[in-house]
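Both complexes shown next keep subunit A, but they swap its partner, so subunit B is in the first and subunit C is in the second.
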Partner chain A sequence: MRVELEKISKSFGPVQANRAISLAFEPGLIYGLLGENGAGKSTLMKILSGYQPADSGRILLDGAPQRFRSPLDALAAGVGMLYQDPLDLPPFTVLENYLLGRRGGLAIPRRRAAGELRELGARYGFEVHPHERIEDLSLGERQQLELLRLLSGGARLLILDEPTTGISAAQKELLFNSLRSLARDEGKTLILVSHKLDEVQELCNRAYVLRKGELAGEAELPCPNKRLVGLMFGQLPSRPARPRPEAGPPRLELRGAAVRSPRLRTQPTDLQVGAGEVLGLAGLEGSGQELLLRACAGLLPLAAGELYLSGVPQRRLDYLTARQLGVHYLAAGRLEEGLVSGMTLSEHMALVNPNGLFVDRAASKAQAAERIRQYQVVARPRSRVEELSGGNQQRFLFGLLPPDAQLILAEHPTRGLDLRSSDWIWGQLDERRKQGAAIVFLSAELDEILERSDRIAVFFAGRLSRVLPAGETSVDELGHLIGGGA
Partner chain B sequence: MSRPAWLPRLWPLLPSFVALLLTSLLLLAFGASPPLAFGAIWEGAFGNQDRLLTTVAFWIPLMLSSLGLLISFRAGLWNIGIEGQFILGAIGASWVALSLQLPAPLQISLQMLAAMAAGALWAGLAGVLKRWGVHEIFGGLALNNLAIILTNYLIAGPWQPPEGGSFRGTAPFHADALLPLVGATRFSVVALGLALLAFGLVVLALRNSAWGLRLKALGRNPRSALLLGVSSRRETLLAMAFCGALAGLGGAVRVLSWFDSLRQSISGGIGYLALMVVILAAFRLLWTPLVAFFFAAVLSGSVVLQLRTQLHSSLGNILTGVLVLLVLLFGNLDSLRAWWAEWRAGRRRS
Partner chain C sequence: MDANWIAIAASVLLQSSPLIIAVCGETLSERAGVVNLSLDGSLLLSALAGFVAAYFSSSLLLGFLAAAGVGALMALIVAFGSLALRQSQVAVGFVLTLLGDSLSAFLGQNFTRLPGPWVQRLPIPLLKDIPVLGPIFFNQDLVVYFSLVLVAVTTWWIFHTRPGLELRSAGERPEAAFARGVAVRRLRYWYAVLGGALVGIAGAAYSLDVKIGWAEGHTRGLGWIALAIVIFGGWSPLRGALGVLLFVATRSVISVVLQRSLGESSVVILNALPWLLMLGVLVVVGGRFSEQVLSRLPAALQRPFRGLLRAAPPAALGAELKEG
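So, the complex of A and B:
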C-alpha cells in the first residue's frame, strides 16, 4: 500500500504542531521519522492513524483520499499505530484485551483464541501469556500485545511511535527481526518514530526529519549520524565532562533483601549506594531489578531482608513515608504513574507543594511557570499534562522533583527524550548528586548505563549477579553479563 | 472527536427532552392527556406557597446527600452506601432526641452532630472495608441492608413506643427536638440554612481547597496520585466520612422535619435518588442543586397528579428513572459511536 500525506497542518491553540507537511511512504520499506521533542512527530502520526483530524491536508492510500473518523476506521483501511504512551490500563487479561478489539467480540471460544494469540505471538517471536492481567505487564510486553492486535486487525501500514523505549536489548532485537520480515516478506510499510539514531540507521531504509512542525529534510539510510543530527537540531552542543564525586555516606542499603511478584522471586540482595553516587541497574526486562527498585521506594513490600535509608532501618516502608525521607520514584509510564491526565501543570505544582488549606492559584501558577522555564518545557501553566509531547512530559516530571531529594529512583529516566534533552536531564541529575542525592536508575540502554553510572549492578533471572565499576566494562561485556554469561 | 463545543454543555437537555417525549407516549397509551398530567405535576410542585415550601422541604435532604456524593465521586468512589449513611443519620438524631431533653437550640445542634457522626461512621466503615479489598459498591449495599435491619430492630425493640403494638415507628419526639416548621408545611428555615451552608462548603472544598485537588488526582489516577504524594487511604476515608456526614445530616433533617419520629422506611430512597441526581448533573457543582430541585418538584408534584387524574403517583418515579437511563445512554454516546464504527469497519473488511 502506498501512503501519501499531502500538506498536513495541525495546530493546538497557538502551537502549530504540523505545518503543511507532505510525505510519501512506499510498500515494503521501513521509514524513520526523526525530530527533537515537540517537533510534531506524534501529532502527524496520530493524524495518519485516525486518532485526531488534521486542520487541513489530505491522506491518500494507493492514491485514494481517505477520511478516518477513528483509529478503528483507519485500521479497517489498513493503518495501525502503536502509541507512544499506552493511555489506559484496562482491568482485563491479555486475552480479553485481544478479543475486545475484534469483531465477533467475546463469542469466540476462549481456548481457541488463546491458542491463536500464542501462535501469532510465536510467529513474530513474542512470548504471550493470555491469562495474565494487563496491569501486571511491563511496558514492552504491552507494546508487543498491541502490535499483535494491530497485525491481526489487518494493518498494512504500521506506525510505531518510539517502540523501543523501555524494552530490553533482546526484546528489541526480536522486534526488529519481526519488523524486517514484515516489510520484506509481507510487503508492509513501517514507520518508526525514534530518537535513537543507531536504531534508525540499523533498521530503516529512509528517514524523514521534522523540525518545529515542518519537514526539515530526508535522507537515504545508512548515512552519517552527523547529517541527521544536523537536520534535527542545527548543531549539537558538546557535552560537558561528567563530575565523578566520591561517594558520601550511604543513602540506601539493602541487606539480604528479596522481593516477590507473581512471576519472580528475587534472590536475597545486598547493595549499598552512597550520597552523590549513580548506580545503574542492568538486566533483561523482568530480571528482578524493577522489583527491587520499587521495593526501595516502599512501592512493593520486602519479602525478606532489611532496607536502610540514610542508615536508618525501615520496616514496612510505604511510599508516602519514603517520600518524607526524601526518596522519589520516577516510573516509566508517565501518564500512568507520575502525572494525572486532566490536570494542569499548575494543579500538579499545587499538589506537590501544598501551602495551607487552600490552593493559592497565583502561587502555583508562578511555580509552574518557573519550572517550565527552568526545565524548558514547551507548555503553559494551564496546559493539561496529556497535551504535552512525550519528552515535555518527562521534563515536567523532573521539574516536580523537590530540590531536597535525597534518593532518586528512576525507571528509564530518558525514555522518549531526544539527544539534547537527555543530555540535559542528566545534567540536572548530576547537579542533584553534587548536592548529595544518590541516584539509582534502570535502563534498557546499555550505552546509557555505561556512560551515566559510577557503578553497575547486573541482574539475571532474579539474582544480582555482579556489581562492577562502570569504567571497567564495555557494551559487549555488559551485554554478555545480562544474558547470563559469567 | 470533532464535536461542537456547545454540545456537551447542553447535553442533559437532549435526554430530558427525549424523556419527556417517552413519558408523554406512555401517558397517551394509558389514555391520559400529557398536558393535563404535566400541568398537574406543576400545580402540585409550585401551585401555592405551601406546595412550593413542601417541594423545598423535600429538596433539602436530597440536596445534602447529593452534595456529599460530589465529594466521594471526585475521589473516584462509588458510594452506593449513601442510603445507609442517610438512615444512620436519622438513627443518630433519633437517639439523641429520645434520650435527652435540653433547650431546643442545644438539643437540635446535638442531634445534628450525632447524625453527622453516625453517617460518617457508617461511610468510614465502607472505606475500611474497601481497604480490606471489599469494593465500596458491595460494602455499601451490605451496609445499607444492615442500616434497614437496625432501624427495624430499634423500632420493634428498644425504641418501641410505650403503647406498643405498632411496628411502624417510634413515638413522636418531644417538641424541643423537632425543627421549627413554617406554617402547616414541613419546611424548616434552619434546614434550608444548613443546606446552603453545606453547598458553600462543598464548593469551597472542590474548587479551592488543597484537599479537593488531592481528591481529583486520586479519582483520576490513583497510581500517579500516590507517586505525587497523595495518601489514598487517608483521602478515601476522609472523602467517605465527609459524604457520610452530609448524608447523615440529610437523614436528621428528614426525621426532625419531614417526619417527627423514626419510621420504618425513613429514607424513602433519597440516597439512591441522590446518586441519580449527581449522575444526571454530570458530577457538576452548579447543576447539582438544580437537578435535585427538579427531582424534588417532579416527585412532590406527582402527589397532586394522583388526586387530579386517575394516574398513580409513581409516574414521577417513571419520569425521573427514564431520564437517568437516557442520560446514561447518551453519556455513553462516544462508546456507542465507537461500537458503531467498529461494526461498520468489520463489515467493510469481510
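So, the complex of A and C:
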C-alpha cells in the first residue's frame, strides 16, 4: 500500500506541531522518522493513524483520499499504530485486551480466541499467555501484543512510536527480526519513530527528518550519522570528554542488602558509591536492579541487610527521610510517578516548595518560568504536564531536582530523549557530580552505561553478578554478562 | 432449619432486593466511568414518583415506569453535566442528592401515609415446595425475582460478553477504548441512564413493595448505603449483592434476636454493627493478611483467588473525558 501525506498541518493553541508536511511511503520498505524532542513526530503519526484530526491537509492510501474519524477507521483501512505508551488496558487479561474492538457475537468465544491468539503469536515468534493480566507483563511484552493485535486487524502500514524505549536488547532483537520479515515477506510498510540513530541505520531503508514541525530533509540509509544529526539539529552538538575523578567518601553503602517483590527476591548485595562517582546498573529488565534502586530511595523496605547513607546506618528508611537526607530519585514512569497528570508546571513548582499553607501562585509561576528557561523546556508555566512531549516532560522533571542533592538515583534518565537532550541531561548530572553528589542510574542502553559510568554493576536474575570499571569492558562483554554469561 | 429462621431469611431477601437493584445499576454506571452520586436523592424522588403514579393510575407497572424515568433523568443530568458541560460528576451528583431530598419532601406533602397499591406475592409452583430453599427464594414477589435475575444478567454482561468488555474499557482507559473503536461518550450516556433507571426501579420497589407508601425522608440514607456497597462489592454485581445481603442480614438478625434480650436502648449502637462488620471484611479481604494467606497457597490456586479478591475501582472513574 502506498501512503501519502499531503501538506499536513496541526496546531495546539499557539504551538504549531506540524507545518504543511508532505511525505510518501512505499510498500515493503522500512522508514525512519527522526527529529529532536517536540519536533512533531508523534503528532504527525497520530494524525496518520486516526487518533487525532489534522487542521488541514490530506491522507492518501493508494491514491484515494481518506477521512479517519478514529483509530479503528484507520485500522480498517490498513493503518495501525503502536503508541509511545501501549494503548492497552492494564487490568484486562491478554485475551480480553485482544478481543476489545474486534467484531463478533455477544458472548466471548474464549477458547477459540485463545487458540487464535496463540497461533498468531507463534506465527510472529512471540510467546503469548492469553490468561495473564496486562499489568503483570513487561513493556516489551505489551508492545508485542499490540503489534499482534494490529497485524491481526489487517494493518498494512505499521507505525511504531519509539518502540525500543524500555525494552531489553533481546526483546529488541526479536522485535526487529519480526519487523524485517514483515516488510520483506509480507510487503508491509513500516514507520519507525526513534531517537536512536544506530537503530534507525540498522533497520530502516530511508529516513525522514522533522525539525520544529517541518520536514527538514530525507536520506537513504545507511548514511553517515553526521548527516542525520545535521538535519535534526542544524549543527553537531559537541561533547566534551569527561574526566573520571577519584571517588570521595562513600555516599551510599549496601551490606548484604536484599529486596523482595512479588515476582523476585534479590540476593544479598554489597555495594559502595562514593561522592563524585557515577555507578551504572546494567541488567535485563526485572533482574533486581530496579528493586535495589528503589530501596535506596526508601520506596521499598529492605528484606535483609543494611543501608548506609554518608556512613550513617538507616533502619527502615522511608522516602521522606531519604529526601531530607539529600537522596533524590528520578522515576522512569514520568507521568505515573514523577509528574502529576492534570497539574500545570507552576503547580508542580508549588508542590516541591511547600512553604506554609497557601500556594504562592506568583512565586511558583516565576519559578516555573525560570526552570523552563534554564532547562529549555518547550512549554509555558500554565501548560499541563501531559501536553508536553516526552522529552520535555523529562527535562522538566529534571528541573524539579533540588540543588542540594547528595545522592541521585535515576531510572532511565534519558529514556525517549534525543541526542542533544540526553547530552544536556548528562551535563546537568555532571554538574551535580562535581559538587559532590553520587549518582546511581540504571538504563537499558548499554552504550549509555558504558559511556557515562565510572563503574558498572551487572545484575542477572536478582543477583549482583559483577562490578567492573567502565573503562575495562565493552558493549559485547556487557551484553554477554547481562544475559547471564560468566 | 427452624421455620422462624426460614422466615427471617425470606424477609432478608425481600428487604435486600431494592438495594440489590440499586447496586447493580450503580455498578453498571461506575464501570462505564460515571459515578452517579445522586443515588440518595434519586431513590427518594423515584420512590415518590412510583407511589404517586401507581396511586393515581392503580397500575403498578406505570408506577415502576415513572420511577425508572425519574431515576434515568437524574442520571442523565449527571452524565450530561460531566460529558457535555465538563462539570465534576461528584459535584453535580451531590447537588442532585440534596435537590432530590428536598424536592421529594416538598412534592410529597400531600401523599404522606396514604394507602396505596403494592406488589403481590407470586409463589412459583413446584419450586416453592423445595424444602428450605423453596420458601426462601420461590415464595416471593416479582421484585425479588427481578433483583436475583438482574444480578445474574449484569454479572454475565459485564464479565462475559463483548459489550461488557467495551463497558469496562470505557471506565478503565477511555483513550485505549477510543483507539479500539469504542464510542466511549455514547456508551457512558447509555450505561449511566440505564443505571439510573435501575436506581429508579429500586426507589419504587421501596414505596410499592418493601416499605409500602410514602412519607418524608422515606428512603433517606439508603442511597449512601448502596454507594458504599458498590465499593465494598469491588464493582461486581455478584459481590455487591452479597454485600447487601450481609448488610441487611446482620441488621435483621440484630434487631430481631438481640433486641429481645437487650431492649430498645441498644438499637442505635447495634445499627452500626453491619458497618463495622463490612469494614472488618474489607480489611481482611483487601489487606496484607489475605496477601499472606494467598502466598501460602499453591501457585495454581493463587491467581483465581487473587482475581476474586482484587477490587480496584475502574481507573478512569469520574474522570473527565478528553476529546481524542
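Here is the rule we go by: the second predicted complex is superposed on the first by the 430 of 486 C-alpha atoms of A that agree within 3 Å, B and C clash if a C-alpha of one lies under 4 Å from a C-alpha of the other, contacts with A are read in each partner's own complex, and residues count from 1 in each chain.
FYI, contacts are C-beta pairs under 8 Å (C-beta built on N, C-alpha and C of every residue); 3 or more make two chains touch, one makes a residue touch a chain.
Bear in mind that the values here come from a model prediction, so they are computed numbers and not experimental data.
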{"item": "Touching partner for A:Q52 - first (subunit B), second (subunit C), both, neither", "value": "both"}
{"item": "Subunit B versus subunit C as contact partner of A:E96, first or second or both or neither", "value": "second"}
{"item": "Which partner reaches more residues of subunit A (counting touched residues only), subunit B or subunit C", "value": "B"}
{"item": "First (subunit B), second (subunit C), both or neither touched by A:V193", "value": "neither"}
{"item": "Partner chain in contact with A:L464 - subunit B first, subunit C second, else both or neither", "value": "neither"}
{"item": "Touched partner set for A:G154, first subunit B, second subunit C, both or neither", "value": "first"}
{"item": "Touching partner for A:L174 - first (subunit B), second (subunit C), both, neither", "value": "neither"}
{"item": "First (subunit B), second (subunit C), both or neither touched by A:G338", "value": "first"}
{"item": "Touching partner for A:V352 - first (subunit B), second (subunit C), both, neither", "value": "first"}
{"item": "Subunit B versus subunit C as contact partner of A:S70, first or second or both or neither", "value": "both"}
{"item": "Those residues of subunit A which subunit B touches in one complex and subunit C touches in the other", "value": "52, 70, 72-73, 75, 104"}
{"item": "Complex interface listing, subunit C residues touching subunit A", "value": "160-163, 165-166, 168-169, 172-173, 175-182, 312, 315, 324"}
{"item": "Subunit B-facing residues of subunit A, complex", "value": "52-53, 69-70, 72-73, 75-76, 103-104, 154, 299, 319-320, 323, 329, 331, 335-343, 347-348, 350-352, 354, 356-359, 400"}
{"item": "For the subunit B and subunit A complex, residues of the former touching the latter", "value": "1-2, 208-214, 216-217, 220-221, 223-231, 337-338, 341-346, 348-350"}
{"item": "Complex interface listing, subunit A residues touching subunit C", "value": "51-52, 70-73, 75, 83, 87-92, 96, 99-101, 104-108"}
